[in-house]
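Here subunit A shows up in two complexes: once beside subunit B, once beside subunit C.
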Partner chain A sequence: MSFDPTLIVEAWPQLMRGLETTVWLFLAVMILCTPLSLLVALARLSRRRWLSRAAGTYVNVIRALPLLVILFFTFYGLPSLGIFVSPFTAALGGMVLVTTAYLAEDLRAGLMAVPRGQFEAADALGLPQARFVRRVLIPQALPIMCGPYFTRAIVTVKATSIASLVAVSELTSASMAKVTETYRAMEYLAFAAVAYILLSALIAVVQAVVQRRVRLP
Partner chain B sequence: MKDTVMHPEPATVVDHQSKRMLELIGLRKSFGANQVLKGVDLSMNQGEVVSIIGASGSGKSTLLRCINWLETPDKGSTIMVDGRQVGHDDPARASRRDLARRRTEIGMVFQHFNLFPNMTAIENVMEAPLAHGRGTKPEIRALAEELLARVGLSERMTHHPSQLSGGQQQRVAIARALAMKPKLMLFDEVTSALDPELVDEVLKVMKGLAEDGMTMLFVTHEMAFAEDVSDRIIFMADGAILEEGPPSEVLRKPRHDRTRSFLSRAMRGM
Partner chain C sequence: MDFDLSVWMTRGPYILRGLYETLVLLAGVLVISAPLAVLTGLALEARSRWLRLPALGLSWLIRGVPPLIILFIAYYVLPVVLDIRMDSLTAAVAGFVLYNTFIMGEVVAAGLRSVPKGQHEAIAAAGLPWFRSLRRIILPQAMPTIIPPYVSYSMDMVKGTALAGAIGVTEMVTRANQAIVATNRPFEILIGVAIIYGIIDAFLIALQMWSERRWDHKGHLSA
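Let's look at the complex of A and B:
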């Protein structure tokens, strides 16, 4: 057994393209899921029965399905309905559907950790609900949400590897393509592993910065 | 001097125009099968100061919280503030938006302050007037500064709640409630969570308010204070008003045994 780093250097452009796709997929998922999951979390806490029920049903159904099954739905299922999208878009759609459900639960826990007294004070002052959410609830929930949010981000960055099974040439897929092409596994998998670790580390750095900024005085 | 309570004008506004500020008619509240308020009738005139006393669990907080609908009263209860009904006889028909508007007429101060910790003292005070568009931002800021000065906190305006003592936080909470220019103020054991040495600064502010003619209803365990500032004392037992009258009667010559035994415990050391 030998480890030949020059193999990585030779495959660098392909591997980097895969990494790039992973990063874009991840960023697109998080950018879409963050506001959506906040809305779902707020909906679940809403006093309007039908709204909290609808949100709860969505979360519970989606949570029960394997990510891969959902990606197969968006990849194979949509075209059978006459909706044709690129593999990237299909994967993005499926991942947004799933990640929003999980993230909504994470954020809901943060919202629920804000003390009851805050709701009562706002009610007693007659603060409109939207203003309460924006000015009181979210600023106080943010520091609590941070940890679970970024943990979910790290889970999501790794989950993008599943998109390799629906024809998206992301990091795992690009690495595996080289493995089957050259019959050398260690080099390319090592590249992929290091890249995932670096991405997670980067997320942890962002978390530390954000956590400092949203801390309550 | 820092943190001293400034007394505004001396008590001039004690005119006894008998305008009804609060009227409760048959107020009932149940939590499941547990009826906590059993038909309370109560009215207060403008400028009147009323204290509610009574054993733990007698329904004092629930009564206060029903007035601004923090607790939804049972069907058939009527709450009038300044001659207009708050909410609706039938809770299912009370509109949230209408309630929010009516709540601005009713200031409430809580035992645990419930300041918004993400905002400074002055931001806490400005929040509700800003939300309700009660003037331009500079006007509202000026109002908030005036109110914070009135509760003796001119030097603490840009502090966050976590940087304030309990007594200071509670005074900010009073200023925050006053910022909506309420017609009626509700205080629920606002000194109970304070260290003993911080109680007086808050009571002083409340006394100043009373002298200014604010209509005030409070729940308290501070018997000496209740006797000092109240026009009327209400003794509650088991979700009903058992006895009410001027402090000199209720506190000094109670008619009911239950009032007497409650007072003998509560006034120990007075």
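Let's look at the complex of A and C:
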């Protein structure tokens, strides 16, 4: 068994296009999920029973299902409802649905770690709820949320590989296309593995930078 | 759109036969990787640098790669490198065991770290043998920290088995996918599959509740 790096060089443009799709998919998922999951986390902590129940049901149902099954829902299910979208959009929709649920739980843990007294103090001062969330709750929860948030980001960047199974030509499917074309598995899969490791390492670097900035005085 | 569950009458037996592969895969991975995870956890926390550094490096590598890529490597690359023949189910078990061992290894290592330092010092002072102190003192106290993440990663594994279809294991989701293509009834089929996954997850939650009762938070074994 030999390892032939020239194969990777020859396939470079295709592999790079795949990597680009992976990065876009990941960024789109994170940008959409971050505000949505914060809303779901706040809903779960809400005093209104129906709101926290609804959010809790959503989170628990989604977390019980394989991502692949949910991607099949958006990939096959939406067209059968008469909604025709590209595979990329279907995968994006499915991943946003899933990642929001997981991220909401991560963020909720951070929000709950803020000392009870802060809530009581806000009540005593009659601070409007929206301002309390924005000025008191989130700034104190940010340093705690940071770690789980970026862990979830790393899980998500790896999960984008599952989109290859619903016809999105991202990094994994570009690599597999070359594998079936050339019958050389090692080179392309090694390339994909290294690319994913580098992406996770990059996220870890961003985490280190962000974590230093949000630290409480 | 009409909702017609009768598709389960015709396709149901075919899809449910995939439950066999799903459960074999799950049981195989969880049973094989459990002892390996304990060893990995011990290596990650070992005092010897020769054990710790390779374990740390491998863990970082394996956990940085998507499980789907690990499956592809197990199926396409491993047989060539080792010069053996492997069916897709064996390759899937091998790939998932590799992935799961390091995920669970980190969980075990975190559990070991949660045991107060004084316990280790007391063991050294009393001159207890290493293995017995591990089994009788350290692991029972680490258990309450280990169980919740261990079960939730096991649930991830339940859902991860769906990926094995990508290397030709005809597990439940693969068969469901074939049934969708054949009947064009995605909702009915996928909702049925979702309910089955919910049942498997419920079993694991029951197992977690049982084991949390068994090892209370002080690490005592209750009868």
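Of note:
Heads up, the rule we're going with is that the second predicted complex is superposed on the first by the 217 of 217 C-alpha atoms of A that agree within 3 Å, B and C clash if a C-alpha of one lies under 4 Å from a C-alpha of the other, contacts with A are read in each partner's own complex, and residues count from 1 in each chain.
Everything that follows uses one rule, which is that contacts are C-beta pairs under 8 Å (C-beta built on N, C-alpha and C of every residue); 3 or more make two chains touch, one makes a residue touch a chain.
Since the model is a prediction, treat every value here as computed from it, not as a measurement.
With both complexes placed on chain A, subunit A has more residues touched by C than by the other of subunit B and subunit C. Of the two partner chains placed around the shared chain by superposition, subunit C is the only one that A:Ser161 touches, whereas subunit B remains out of contact.
Contact with subunit C, but none with subunit B, is seen for A:Ala193 once the two complexes are overlaid on the shared chain. When both complexes are overlaid on chain A, the residue A:Ser169 reaches neither subunit B nor subunit C. In the superposed model, A:Ala64 lies in contact with subunit C only, and not with subunit B. By the touch criterion given at the top, residues 115, 117-118, 120-121, 123-129, 131, 135-136, 139-140, 216-217 of subunit A touch subunit B in their complex. Only residues 68, 70, 96, 99-104, 106-108, 110, 112, 114-119, 127-128, 131-132, 160, 162-163, 176-177, 180 of subunit B touch subunit A when the two sit together in their complex. Remark: subunit C residues 1, 61, 64-69, 72-73, 76-77, 80-81, 155, 158-163, 165-166, 173, 176-177, 180, 184-187, 190, 193-194, 197-198, 201 touch subunit A in the complex. Within the complex formed with subunit C, the subunit A residues making contact are 1, 64-69, 72-73, 76-77, 80-82, 154, 158-162, 164-165, 172, 176, 179, 185-186, 189, 192-193, 196-197, 200-201.
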